């Protein structure tokens, strides 16, 4: 038996495969398809202080080997999560992580404080990289000072594991990673979606109601891998990698590039059993290559 | 008959379809496949002051709907271009544009000065965005001050049409575009390749000799479209769009987003007749939609 | 019978293509064999189909259930060629396997005994209407099915379903049935008040026109929407429709909606 | 006869797949019909094949020419399943069209009359060796063909070519011909000096070992390289091999190189 267990800061994961925020609902939606307790973790849909309706329809465009989305953080607000959702999902035998969002630093703080009260939430993923909201979101994640400010503020009110989710829409993601590490982030996760656009040539209109949206899926994998590798070489805290992972080989590539864990996003839309297939595939790979513990693979790229 | 003619600064193009630098050699290599005089223009392989061997093999990795390259500006230097290549290609009835590169500003100037002497080269494309060289290249294109410095220096020695080729590996491409416009660029072209990486999970090694390389092909189209649209809305000079164009519909999307002309790159590797197919496809589209002149389409996105 | 939300668990399965029959220019009937039972799949629900062989088709494509043979575990789809994905799907040959996620969405609310129902289908929206006619449990005299198309060649053969109700047709060029749109047909224009429920699936403009008349006449009306989907099972939030209660997911809270809940 | 560089213009054509024959576990013979004449295509040249039906195969795949029937305008390829692209290619059924760019690269330098040549093929490198044996214009007694494989099942049937030369085989497990690698075969190990030219195509380690012996014995040796390619016709500069004159494009300045030009 191979050992798939990893640790991010002080949270133990039975395996390094999590489902990505915004692509797995609150986990429950996948329970028909897979045994949720097999997952390393579930990062639930982005949560804000208040109820948000998100952006108008259409919110989606298919692109070569990928898709654009412009959901815009539709969610019923943190109160609803605490009162209605948390009780339903808290006993799933995996790590439930909440993806925390805000248009202002105060909102990030307010959401974090309420999540902090929830025993069974061992970590938050601070989303400073959502490209689909008018205020806040990605704006915080594309400059070092603003990224530092929000992480610093949240760190003050949160002493469990703080993961900061980085935007790929920057000149140097390694610098942003170092900046948030400097403010006490326990881990960074990357990448969020790349800002893209789709046009309907026949109608001569943008496809998305918001004109631009976030690109995800296999198309972005080469960029995501490069960024994980750059960030891994720049910071000491563990890196959680994602972007276009469709199978175990993709996941192993991210782990070799330096990811301690990976998240599966868009792939779930294609086939909600992929996260479990990835876990099984990593085991097989390790057996084939006689690797006893997944930690031997992390950053194991031979140069 | 529809009018496909466009003008960039004071260069007239019979149609808005050019072949992109590094993907069409010096044009000649395509002459078996297509009638070169049908093209709006040919942007020849990146040229440097001195002969460059480029990066070691392997230089290529296939990715989902795209590819990474790490050629690293292999070329025989500007002297060789002037003496051996220019005489062979100068009479092709299309606009031949030279893609100018340097590791230092002085090198950019030196190359430009030699190209400036060539009657039949109406424009240069200043490449400040090559991700595959250790010195210079993309470094110039990712910050406003360095982009301004090189454009300012080259502008002084060049009074034909100066196109500056921008890097997508930046937080705000619109700002870089405005900066180079401010230094007298006559046009901007975008996007160059996105920095990416590929890993061989079985060998646990990077696929490319240089670890990272430049991503191109349909995978990047949504990002390229978004950037063309952002830059079009930020500057007054004409924009030349590229990134993943595979057919006429793709080209029209770029034109609607604000491109006065487009370049076809990676698509040529799949099928060297694509540039001509794109020209014919744009004509058909215009006929179908009763558009007399291509200029009516430029930036014609209905919001 | 209430709308079905929990008939069987959602599942991803490789279904065997048994038949691929061209019905007319651009409509195909695909019959697929499932390795698992299909009990509880009801009219209005849909499946999400992977199209493997096509370059640059990344996401699955949703199709309504046209029919189910619960005993033989087969499911039929009506596929109209619209773009690249639907085209490729119609080119798959019997004997090949196709990955399908099912069952998805909520079914139509079944009529009460004594209801007189009008089912209106346009384009590929015919599929759920035929399945509903077959399954709704009303005597054929109380089931009236109005099908609209551009021209006679766009109508498919519905012989197998004629026993479940009275059928009416419109074409825009008058080549079959009444000339005009479905709302121009006498059964809709003149006899609407005879019906206690209307069900419809088809192009949005058609459904909106129907919904307006139904509201005016105060008749219960359910429509099946075809919003663009990425996942089909409620995790991506891409397929939303703006309703009186805010954005709702068409894939899980629909595709069937009571028009009174919509902002139409 | 000098090496061919300008036989016919390069072209992109849809070729009709006439035959797709499985030769053994993972080798297939594809015979394709061209709408244009094929004159001037010579051994060592290759074609670049589009693999349409496969998701996430973006670039074409290069394959050496195994044979040409100039009169009937057919071209044969030997395709060994290596990864996704070659696998998909072997699944295409006769009657379908495949887009192919050809002819690409330079051919082998043809031997002079009186030359005694040794042709050594390993794996799919067998293809250009068979074509060369057929085309080189020497009497069969002067053409010696040594083919290496892992085991007997990896050798393909070469009956059609036996008349063009003397054939020898090696397998790593001794199941056909001599046990060992090609360089362990007596014809190579003991009789090398009898040859005036060596041609080889196969895995790099094999070719490097052969090249080393050839250099030592001062015998002209040409190898055909299989570097990764994006375009196949000289525009991308991805396929370079480091030579004594710097980086050369394998697709246009090769794939055939004299080993003295390489940095091996």
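We just call them A, B, C and D in the order they show up, numbering each chain from 1.
The rule is simple: a residue touches a chain if its C-beta (ideal position, glycine included) is under 8 Å from a C-beta of that chain, and two chains touch if they have at least 3 such contacts.
Keep in mind it's a predicted model, so treat the numbers as computed, not measured.
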Where chain A and chain D overlap in contact partners, by chain label: B, C
Centroid-based (C-alpha) most distant chain relative to chain A: D
CA centroid of chain A to CA centroid of chain C, Å: 36
CA centroid of chain C to CA centroid of chain D, Å: 55
Centre-to-centre distance between chain C and chain B (centres being mean Cα positions), rounded to whole Å: 48
Set of chain A residues in contact with two or more other chains: 63-66, 217-218
Shared interface positions of chain C, touching two or more other chains: 56-57
List of chain B residues in touch with chain D within their complex: 22-25, 29-30, 32-33, 45, 53-54, 56-60, 62-67, 69, 71, 74, 217-218, 266, 268-273
Residues of chain D defined as touching chain C within the complex: 52-55, 57
Chain B-facing residues of chain A, complex: 61, 63-66, 68, 142-143, 169-171, 194-199, 201, 203-206, 211-212, 215, 217-223, 225-226, 229, 244, 249, 252-253, 256-257, 285, 300-303
Contacting residues of chain D [partner chain B, same complex]: 9-12, 50, 56-60, 99, 101, 227-242, 246-247, 252
